[in-house]
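Supplied in structure tokens, the structure appears directly below.
Labels A, B, C and D are assigned to the chains in the order they are written; within every chain, residues are numbered from 1.
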């Protein structure tokens, strides 16, 4: 598109690994190929809310060596929905127009927003309301964005969670214990099921499939009867029983609660089976490591493709990954297909095929 | 299929990471779900050639803890095409009938063969000639098997190669050097292009795209003029110049040659640019590490799915991975679509989009 | 010593990485060099309490490939002091004579015990009471055994803890947060101070040095005023304030308590500074990974040296590491010098020299 | 020392991991505690040779995040002995006075030099000739500097080499091969012996101990007869036979030669035993990774201690590590005790005790 001269880029929602690969690729492509100016917007849309807007001009020098750094060097936030922004006095204020003004004040011709489905919905609403040219890139350790096979950050999170399972194997076996690893995933169990299979867990509990504590304990008992002296459980941060009881380690805003699902399970198992049981909550460690090569590759691909969409004047699109190709789809379509673990997916069939207890 | 009682499993061709995850999943599924007997066949088809056949009965205990081990505990070989088997006296003998006899002697009802496209072609020919019920699972660090998005071993190989690029960055920058990393891939450059992008290389040379040494040196010169004191080159083990000259580090059997492409490039660059240039040949290290979680997950999925195909009486099929689903296709179709790096693929467009020199 | 024909080996106390390297080295040396029989005793002294004793005959084949496995394949326990053994009915029973009988029933000429200072004290008491020939090898992730520079398991634990700090840096910076990492070390802060310095923490709290929450918050405030948007705190599982208040995440038996020191600090910091603060409790992950090369090397050295002590008829000795040499000292001397973090040590001076807040 | 106001710091010789931890600690301590100015000198003494001298003013912001980066961000060189400096025309020129002038032109009160024994000897000669106040810090992946137990970079190099051995185990076992890993160490075999023991090698060859190819092959044959289908050899880059023949992969300047010791051994073994043998030359990868926690800790300790020596007016000293304490010794004493692998050391006794073939 001839008219493009200056674009913005922001990262929104919880941080993950691979965001800097996107920022780098966008900068390389926009400057190196098209000669545009690139402004990094700080702390998600909050940077556009400030006066003057809080931005970092990006050039190749600045982003050259960030490929291996976790997180996002632009900063991000998973608070601050601009349509209901929490003010110091506790009020929720609609500050959307300030963001839109920020965009236009900066003279941006387009903006790339990297975020999960929640962030993309907000960015899209802002774009439509304020005449912003928006392209989005999916990122989420939970891998719950629709249409794309992978989002940025998922592969690294699975790697870290699997490494934790690997480590717990040794200590579980040495002490004849039941070990519980609690991983992220309030609504989608992709991390748990992937790391659970890859790590050789005996039980995997995910939000999509209800479990009963009795059947779970039966699995542990079966193993004991087969002469196995230990068991490994991987559990998403919120799961529900067959009867519909939900136990969650976080509230709906992702803030952690004391003694969440992992501890709840440990108590139940201990009471029912007498097994020595220990819990590890993986927590923030699964967000922040050096990105895996796949996350860097995807990030690089998505970044280049997003810039190319802008160059072609294609807006309101999300880039995605399918069948080893970068695709683009309407943001609305992507958001509409929230992606949980499909009970008929290969992962579920594999877990069941391996004899893992995955709920009922 | 009601008739199945006993299956065999073998690994063939060069070893890679994730093979043990397949063996484990096959054993778990075949015994745990169907109650079959599972025989591990040693050293690819060579184990069927021996009298008595060289096999290991597999049970859950035996395979339970092999998930994190690289290589294949059944052994493998990338020598010994049974239709032209190298005898001690140097002759090439057709020993296919011995293998087929071995299969029937063992009373196998079906066999799972894990291999690359070469191995699969041989196994298929044996199966057709000898009435063997065959299902195959694609493995190759080169990721050159058709139809499936990924083969077992590729992700781990890319991880190891990228880690090497990451390390070379530091020493290249410290010493103001040009560093060349030579990775595997005689005919397909997937490892090189993936690790090159993920690792932030400046030049990537792959078998599919010819290069000229002059343009390569121009890229290095450009970087110097931009004030960059070092450059990183990732090169596949066999590449060709624009004029058609091929320099390869291995002969057609994969045996290494002295002073291969990496050293050749180093000499050329040194002569033309005077830059201090160093070569690292990654070699066997990229085959053998602890499998990545993705390779373990894929291996587990493929193993379960292959057993299920046998249970359904579907033979002459290869399992594969597309769009986050396990699929199955005819082995013939898979072999027919040898998968090199497509010049129009996302990877190529991304590399060019980032300003990497990728040939002409 | 000519009379030696048969030795036992056991691992005692909490598991850690490198124990299998010891078991392997003991087996290689005792069988390969001296032609002795080696019996692995299961689950610490508990294996000697059972009738028949629960043992695994060890040979080179059995231990050849365990070098890279975390934990101990003999099993261990950190419960079951034989002088006050917890019985199912809740009573504490002196079962020491059963263990001594077990030793003699097996016809052992000597025994190698791998454990921390607590285990070594118990083993020594048993040996003296029961005429057992004992050599011990120090292991503890806390590195609190006296005289030896390093114990088995410490290096791996520090590596894992540092890796966690590295990861938290990224997510702390991305979200402008205070991140707290709680690591093991009830009485000795070696893990915290080592990983804290190596990981670039801003605050390190250890049991040996009291802190005040006010001064801690001042450090965080200083950083904010210098324009740093985040801070990292590494804290041992039990620390005390200047006023003597102790907050601990575990009870004296190492069992975890809800909302331990990490959460306590987070609350305090949040109240006093308003900073967004998050806690990660590293937990069992720091025990169980693939041992670091140093832990494998030390384990191998200690194992060979312990066997050699037995061959020389030198008992009641602990092997240790000083000045790149394996030494041996009386067990009594080693136990007498419980090794906490010395306020005048290089680590403390370095932490203070770097401006880290380490207490008052 | 009251007079100190401005210090310089340089890194010299081959790069390694942990150098940036030193630079960071020096900067933090010199500025944060003493309020000095710190100048980073680029590319070893070469930076002092240029006019104006090539330096980077260091402050806390600049060095804060370099802790995890391999190599040295000041650059280094292992060429350019200033007393015989290679000029473009091929002449060797004494340029020592230019360096000394550079030091004084910058108004430096003292200088910290990080290097191996060769670099320290040169720096000391310069200091004595030119009235420079010098403190040195030992770094070398070879760990051959005297008096100190460890030098910066050794632990990381051993970690990387051991990881390579771990990986080769899998592929060696899968293919029934003899695998040879060639690591660095022209004159001292510390990397080879440490990684060889830690990685479970069957043969370790180091410069200090001559071997005979016949005995080496006997070891391989013994393993075969014990039913082991593969063997692993770790070899330093230069070793000699019993008869005194030296085969080296590098010339005396560390430049690599074609088909070095690894390939030589492979050929010999292949001819004599017929075993399928493969070579991996680890090369530059062992220099450049993210520093291990121990290298970061040592680097931080050494950096703080070196600044403190300057503050106390103690010059011509090298800091070192002994018995978990930072010590300082005269540079002359350290250089005088070049540290090879002692045939009576714990490492050698352990390797022999495990049945590893280590030469004759």
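For the reader, a short list of remarks on this structure follows.
Throughout what follows, a residue touches a chain if its C-beta (ideal position, glycine included) is under 8 Å from a C-beta of that chain, and two chains touch if they have at least 3 such contacts.
Not measured: the values here are computed from a predicted model.
Note on connectivity: the fewest steps through touching chains from chain A to chain D is 2. Chain A and chain C have CA centres that are 35 Å apart. With each centre defined as the average position of its C-alpha atoms, the distance from chain A to chain B rounds to 30 Å. Among the residues of chain D, those in touch with two or more other chains are 166. Viewed as a network of touching protein chains, the structure reduces to one closed ring of chains, two contacts apiece. Residues of chain C that touch chain D in their complex: 25, 28-29, 32-33, 64-65, 67-68, 149, 155, 158-159, 162, 166, 194-195, 197-200, 292-294, 296-297, 300-301, 304-305, 307-308, 322-326, 345-347, 349-350, 353-355. For chain B in complex with chain D, the residues that touch the partner chain are 11, 14-15, 17, 19, 43, 69-73, 75-78, 160, 163-164, 166-176, 179, 229, 256, 258-259, 263, 278-281, 283-285, 287-290.
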